[in-house]
Amino acid sequence: MKLRPVTDLSGLPTYGYGPQSPIWWGTLGFMALEGMGFALAIGAYLYLYHLAPGWPLADRPPNHWPGTLMTAVLLLSAWPNKLVDRAGHEEDLPKVQRLLIVMSVIGLLTLVIRFWEFTQLYVRWDQNAYGSLLWLLLGLHYTHLITDVGDTLVLTALMFTKHARGKRFSDVSDNAFYWYFVIGAWLPMYVLIYWVPRW
Amino acid sequence: MRLARLSALLISVALAGPVFAQSPTVTPPLSAAPKDDGQWTMPAKNFANTRYSELNEINLSNVANLRPEFTFSLGVNRGQESPAVMAGNTLYMVSPYPNTLYALDLTKPGAPMKWRYDPKPEQASQGVACCDVVNRGPTVADGKVFMSTLDGSIIAVDAEKGTMIWRTKIADINMGETVTMAPFVAKGKVFVGNSGGEYGVRGWIQALDANTGKPVWKAFSTGPDKEVLIGPDFKPFYDADKGKDLGISTWPPDAWKHGGGTVWGWVAYDPDLNLLYNGVGNPGPWNSAQRPGDNKWTNSVFARDIDTGQARWAYQATPHDLFDWDGINESILLDITWKGQPRKVLVRPERNGHLYVIDRATGEVLSAEAYAYTNTTTGVDLKTGRLQRVGDKEPSVGKVLRDVCPTAPGAKDWNPSSFSSSTGLLYIPHNNLCMDWESQETNYIAGTPFVGAEVRMKPGPGGHMGEVTAWNILEGKPAWVIKERFPVWSGALSTAGDLVFYGDMEGWFKAVNAKTGEVVWQFKTGSGIIGQPTTYRGPDGRQYVAILSGVGGWSGAIVSGDLDPRDGTAALGFVNAMRDLKNATTAGGMLYVFRLP
Amino acid sequence: MCSGSLKALMAACAMGALLGACQREERDQRPSPVASETREQVALTTNSAGPSPPEIRVSGKGAKYEASAYDQSQGKKYYAWFNCNGCHSNGGGGSGPPLMDDRWIYGGSIENIVQTIREGRPNGMPSFRGKIPDEQIWQIAAYVRSMSGNTSSDSAPQRNDSMHPHPSESRTPPSPPVNGGTVAPSPSR
Amino acid sequence: MTDVAIRASEKDLRDTDLAAEDLHDRLSRAWGAKSGLIGWLSDVDHKAVGRRYIFTAFVFLALAGSAAALMRLQLARPESQLIGPDLYNQLFTMHGTTMMFLFAVPVMQAFAVYLAPLMVGTRNIAFPRLTLFSYYVYVLGGLMIWVAFLMNIGPDVGWFAYTPLSGPQFSPGKRSDIWAQMITFTEVSSLAVAVSVIVTVFKQRAPGMTLDRIPLLVWAMLVTSFLIMFAMPAVMLASTMLILDRLVGTHFFNYAEGGDTLLWQHLFWFFGHPEVYIIFLPGTGFVSQIVGTFSRRPVFGYLPLVLALVATGFLSFGLWVHHMFATGLPQLGASFFTASSMLIAVPSGLQIFCWIATLWGSRPVLATPMLFVLGFLFIFVLGGMTGVMVASVPIDLQVHDTYFVVAHFHYVLIGGAVFPLLGAVYYWFPKITGRLMSERLGKWNFWTAFIGFNVAFFGMHILGLMGMPRRVYTYQPDLGWGPLNMVSTAGALLLAASFGLFFINALVSMRSGAPAGNNPWGAGTLEWATPSPPPVYNFARYPIVRHREPLWAEGDELPVAHGLMVSQRELLITTLTEARPDLREGTPDGSIWPFIAALAVAVAFICSIFWAIAAVWGSALVGLTLIGWFWPKSVTEDVT
Amino acid sequence: MVALSLPSVLTGCERWPDALDPKAPEAHDIAWLIWTFTGLLGAIWLAVVIAMLIAIRGGRRVAPPAAGATPLDALALHPAGERSRTVIVGVLGGLTALTVLVLTGLSYATQRSLFAPRQEGLSILVTGKQWWWELQYEDADPSRIVETANEIHVPVNVPVTLKLEASDVIHSLWVPRLMGKEDLIPGRQNVKRVFVTQPGVYRGQCAEFCGQQHAHMGLLIVAEPMADFERWRDRQRAEAASPSSDEQQAGHDAFLKRSCVMCHQIRGTDAGGRSGPDLTHVGSRMTLAAGTLPLTRGSLAAWIVDPHGVKPGVDMPLTKLEPDELNAIAAYLESLK
């Protein structure tokens, strides 16, 4: 079969941001399926809640302060996250570096808070299904926190090397995109874990 | 809900505290509780079970000086539930298995051992004792000391010489039967029942001739009327207790044969009415799904003709028991004025959490107020006598039912309360526990436990596990409440010195102001206390107070049996609540006797 | 050929992790010879007259049961069916001594436990001779060993679908029997 | 400086002016895999991965089929002593599990990995390393469960693993853990591939391939990938809960402690029913392609077919309860699921009608692929009919969990997926290997499969109505089920022989089949525009699409685009709906890290069965390998 | 359909289970529905296959040459042909929807009648266990409760409520000639109503995979006239018959002495186990080991001596018994009518 060139593509850019970039779509895909996982876990919680004659199946609901702190930190982190996203778009390396360090610190802070949260649930995972659910929900979200914080740390390190150019800025923006998901996924869980049993 | 109830309780405590109209309308019948002679010959002091002494040498003003006069080791580090019983110039007590009977000579300084009698019960009997190898003490009457052994013998011992007069074997450990109760002696007969409600036994109470040990009559708690000794004289007050052979027809076929209904607690006797009152224990197995029906006559109280054993009336406090609420607690005989009418009543703090005031002539329930936190029942319908259950607090096989209050040991277990004639209050040592319960199908295998439930106990509302409640019977509410960290498993003793004595499971022996509940004196003994305090006038004319220290029993099994605190279901679920007890006390077995200097 | 080497690599890896699987998963329901009673000659004490420790002769049958998840799970079932839990609860004890700790009045080896079940013990343990077939006694004994974490954690039973008494046998840290580890003298034990 | 500049310009060389041979050489160098074992393991070419994927899936098919044959032998006679219950239960579990998780879904995804980039006209799949990683994870998961089976740790609780039977109390040992962990393996793999396929279809379509020019098979794969994305998390969550229940004592399914037995079934069937469509929809895609090609006209009703795919995808999430009619759910709810289950017959029916309308009067070429499609119509429609029956609550109560249902879903799955799949193999085999499969053997293959299948499974409908439940390892002689079972076993053996023929045909043809040329069937889609087998870079130049069947529409000359780099791997990224060229983005070279990461994942998953703590250090290990994976090795990776 | 009149060891004349040989209104309704669906859907299937065969008329055996060439056929499609196809496919699609609607309606109507609340008659608690059925005939008067296993006696023409529970894993009760399935789920109670109109013995089986011996978890439903049923129930309520011969007495003693006593109940003796089936009236049952063996003295002995030969994996252990003990126990159990 003969090929008849009709279009020249040599002028196209080699990377893009947001929906232009396949990585963004890939991230979105993973968010969708992880979001589905969260939704189903939340569904499982509500299902067992609905079946149980009393709730929570513990002497008292978990201490909400660590969770509230977590929520506050995550919500506040949306701002630097937005800045780092914008700096990525602007390909402003020093700014990206600074903000990534901020985000790394915030990330590490959330890991610590989450650890504290586990200790304040007042129920063990092997005590009853309620405890199991709490640990599962927190654990599910914890894995996402760890993953994204790990990603942020590696990216931060990367942005201080010679690799800090071109497409890496798009990665910064995708990383910021994922962090929104981590924040967004947490909010319903926060309500579920800390406030539904107090209803 | 819980909070509201609790605060109501607290407020009533605060309000009722200072009000002590000495109530002349509540007194024990003189025939059952004769004037105090300074002795303490039977565990509950008298036929009316008042556990009240008129001695008042030790009183509010001087109790702070109370100090130990002598001690005596029983040589067995298991739960000491025996009282120190005093008759003549001798102090008697029975150790837990191996049930050694000790007699101490009070006439000599330091009360040296006068004699000991070792009944040598079968070793294997320890295997069929559900809740520690306890013994609830001897009874002295007519120059004889009567005692029971774990393996089911009743023994009469010469009170002076310590020699055996007769010994009758009445229980078979191979069928799971043991005897732990103190023999009750009245009208020339010894009354005793079996233990083993957790082993699928069929409960009974027997009368033995006090002189020969020969059986006089035996009344089963389940089965045909003939064997329950229900005859033409039987006139129960409520319709639910009327009918033929209810001991069979309220059970699935043949289930009554292993249906429990043991008689292992307290017996009372009213000489005027010539009636003997005995409570009946829980049905077996605990798993209520295996025994649909009312399960008569478990958890009931019987009034029987003391001579023939024929039942006069019966009342089932907890039909179709769901949570091991034995009905063996003490009946305290009192004469009261109820709604303007003089009534002869018996007062029962039941395990189901209600304090029953029952007309002891007819079996009519006059009132049944909750004296402890309960979320499983809402009271008693006085028209039908029926306990009103909370619908969703019903266990099912294979599913954990959460937050059941009171628990399997009940709002109050066997540990006897005390009625003070001087304050008119009833002092109830009891529990504040809740539990999670799961029924399980269980096999009846003769000689092994027949329980069918997994239990996990925990502190009740407020986080404490024990309470001592001073109860105003006429008003149907508490005068004051003391909270204790651990369940109060010791009996109470009240005296004319306006004092109430009891011990806690950490080992503190306490005297409190009978009117206010204020702790006025306490002494730390060597081990947790689950015994029955007694008081007597010694040969020297002084007032003494005696208590056995030695933790154990069901609640203390974690220490006395050295159970593993990791398993919350151990000791039928009590370990879950008692995990800390191992850090608070160790096993012991020591008599402490106190006197003013 | 390359996928072959890959598979060989993986197989080796899996072999390592799954070692002992055959024993653990064995489900031998028809013991042979049928329900014959083994003779285990084990002492109850480490003390022995003369300089050497007590002579012990065991059939060696115990190893099979201690390695088998199926046998221990059956043992757990029979432990409840035959009312062992009535006295020993879920291992914490009650009227009987605890089984999940390291103190063994009558010896903590599986042979000791088999003998305890079969012959009974004087302070209340009934004899189940003739009432429980030999195979089932071994299964129960293996389960009892698992309660104190003395069988391997991947063959020990997991939690039951019932009330949670404590972390399951498979998660119980091992407490090997302590020599002479009976409780402080107490006539009842 | 100039040296660098020259090298830079060399690096920046575009394909614009290169001659065909030079272009081929340079592209082959840029896109080729490294040599040696490491190179082989590192190869991220979607065709290499796809080939291995397909091959592996067929290995699992053979294994699972052998398990089925053994089961049929056991069932041939009543109270047969051939296989005891212990082994039989492992066998039927392995059969179902392998067929569903290790064959049916992976083989469809494997075809997607191989075909989707070719059919949308791109040079590699999106996220090729992730796809390679997925493949390894899948292989390792499959290996684990089969090695475990050989070591007598095969799961024995059914492919559905209902709690509490699969739970900690009733499944001692590690058998259920192996099953649950295998699920995790395959789901990780499936999900990652699904994302890759979706992004490939979304962002890498050849310029001009607007949404209404996407081949029907690609649509099917896209919808399937979405189904996977939303269905598989359910079973992953469920299997995670199960293994947590078993290993660390959680109580998700412990009704005594507040869990629930049916929670498992809800989660499992929320996945399990879409699963059927995950398997079946690619089958319809195959059918559409084959029908179009062999009837030599565009498939009738492109839009209804696409809408039917999408509708089926949506509806498939509303049916899961029809697996649970006997669990005592509220009746009104149950009848809702009856309605939705039957409703799915409408899009399915529409598809059938469109295909028949396409064939009508076209004098189709009855080559082997076409025969399998006809077999598909015969069998699948019958399976669909019994499907309507089991959707009815009353009928389901009678036939649920009996051999009637066994017959039904084998008609649906073998008819709806395996027959089209075999047709697809015959159809694309020349593209993949460059050689045609034997038509003679193919016809034998078809007829033995068709007859063997119907003999094996038709009688099962009657057995079910006679009262024979599923998953029984034997039955008593006086029940009268013997004769039909014997017949069924005979059919099963014939079917097995037919698969033997298929494998022989494939193996022989791979070496000595007739050379195929670019487009042996005269098909119209892009994958036939490149040589067979396609070169590593797929297309020398990006094709430009102006028609649904570009090869039919464009005649001899294919319009293409140029201007991409030749020294590095570069992909053309286009816009989502219009497929307008948007970016020239780099795509990764081969890498050994996906393999290492997959090994780390396997170590973490397998070890955590035995030591729960391994989940922690295993994850750390996986994390390390991922850092190794993503850390850029060269500057070029940054630029591209 | 295949002729099914196969001999039965139990009744000799009964045909074996068949969903299309209903003996109760529920099964009858379902059978009718199955036939309706089969008829309608079979016709549709046939039509599709015929249409398919017509569509491929004149099919070519080999592909025409000229790979890559524009297929003429593609262009040969006339707009008119396209339009008529659209209409036909559209109409067929509509008809499919209509069929689906009709079938849904039929199904729902039947479902309504199946689950219509009926007056309470007899209530039986059925507990599924690995791998047998425990039965408890409930009664407001507890002393009239009857416990038995694996053989559900019901009166004909009386609504019977089966309360279904499970104590270990999920089971499913299915008696094809009487009713569809209903699962027995641990932690839940399902209710199934059955109304048998014809006396007879109907075989049922566990229909949910429940472990190793799922295949041998059968049961019988014995439907009999009310008077016979009442007689049966009175007999079941009684204590076990006392041994009437030396051999039976020996069997009785051996039963209590050996491991039998650990799991089985014989009311009237000290055997009170509930892990295994209640044997108080085992001799009156038709089958043994949950519908696996016909109950004869020989099969009793065979089952006791080697349960794993019959049901490998069953929880009943191999018990070492002397031969005369075995015979005596079998004789004793057989005598427990």
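Miscellaneous remarks
Read from first to last, the chains carry the letters A, B, C, D and E; within each, the first residue is number 1.
As a working rule, a residue touches a chain if its C-beta (ideal position, glycine included) is under 8 Å from a C-beta of that chain, and two chains touch if they have at least 3 such contacts.
Every value quoted in this text rests on a predicted model; they were computed, and no experiment measured them.
Looking at subunit A and subunit E, the chains that touch each of them are B, C, D. Distance between Cα centroids is largest for the pairing of subunit A with B. Centroid distances from subunit D, each centroid being the mean of CA atoms, peak for B. Comparing chain pairs D-E and C-D by the number of C-beta pairs in contact, the larger count belongs to D-E.
In terms of their C-alpha centroids, the spacing between subunit C and subunit E amounts to 39 Å. Averaging Cα coordinates per chain places subunit A and subunit C 47 Å apart. Mean C-alpha positions place subunit A and subunit B at a centre distance of 61 Å.
Listed for subunit A are residues 1, 57, 126-128, each touching two or more other chains. Across the assembly, subunit E contributes 68, 186-187, 261-263, 273, 275, 312-313 as residues in contact with two or more other chains. Looking at subunit B, one finds that residues 398-400, 438, 442-443, 445 touch two or more other chains. Contacting chain pairs (ordered by label): A-B, A-C, A-D, B-C, B-D, B-E, C-D, C-E, D-E. On the subunit A side of its complex with subunit D, the touching residues are 1-16, 19-22, 25-26, 29-30, 32-34, 36-37, 40-41, 44, 47-48, 51-52, 57, 125-133, 135-136, 143, 150, 154, 158, 162-163, 165-168. The touching residues of subunit C, counted against subunit D in their complex, run 2-3, 5-7, 10-11, 13-15, 17-18, 21-22, 24-27, 69-70, 72-73, 153-155, 157-164, 167-168, 170-171. Residues of subunit C touching subunit E in their complex: 27, 29-31, 34-37, 74, 77, 81-82, 130-136, 161. Of all residues in subunit B, those touching subunit E in their complex are 200, 248-254, 258, 290-293, 397-399, 441-446. Partner subunit D is touched in their complex by these residues of subunit E: 1-2, 4, 6-9, 16-20, 27, 29-31, 33-34, 37-38, 41-42, 44-45, 48-49, 51-52, 54-64, 66-74, 76-77, 81-82, 85-86, 88-89, 92-93, 96-97, 99-100, 103-104, 106-108, 110-111, 114-115, 130, 164, 168-170, 172, 174, 176, 179-183, 185-188, 190-191, 203, 205-215, 292, 312-313.
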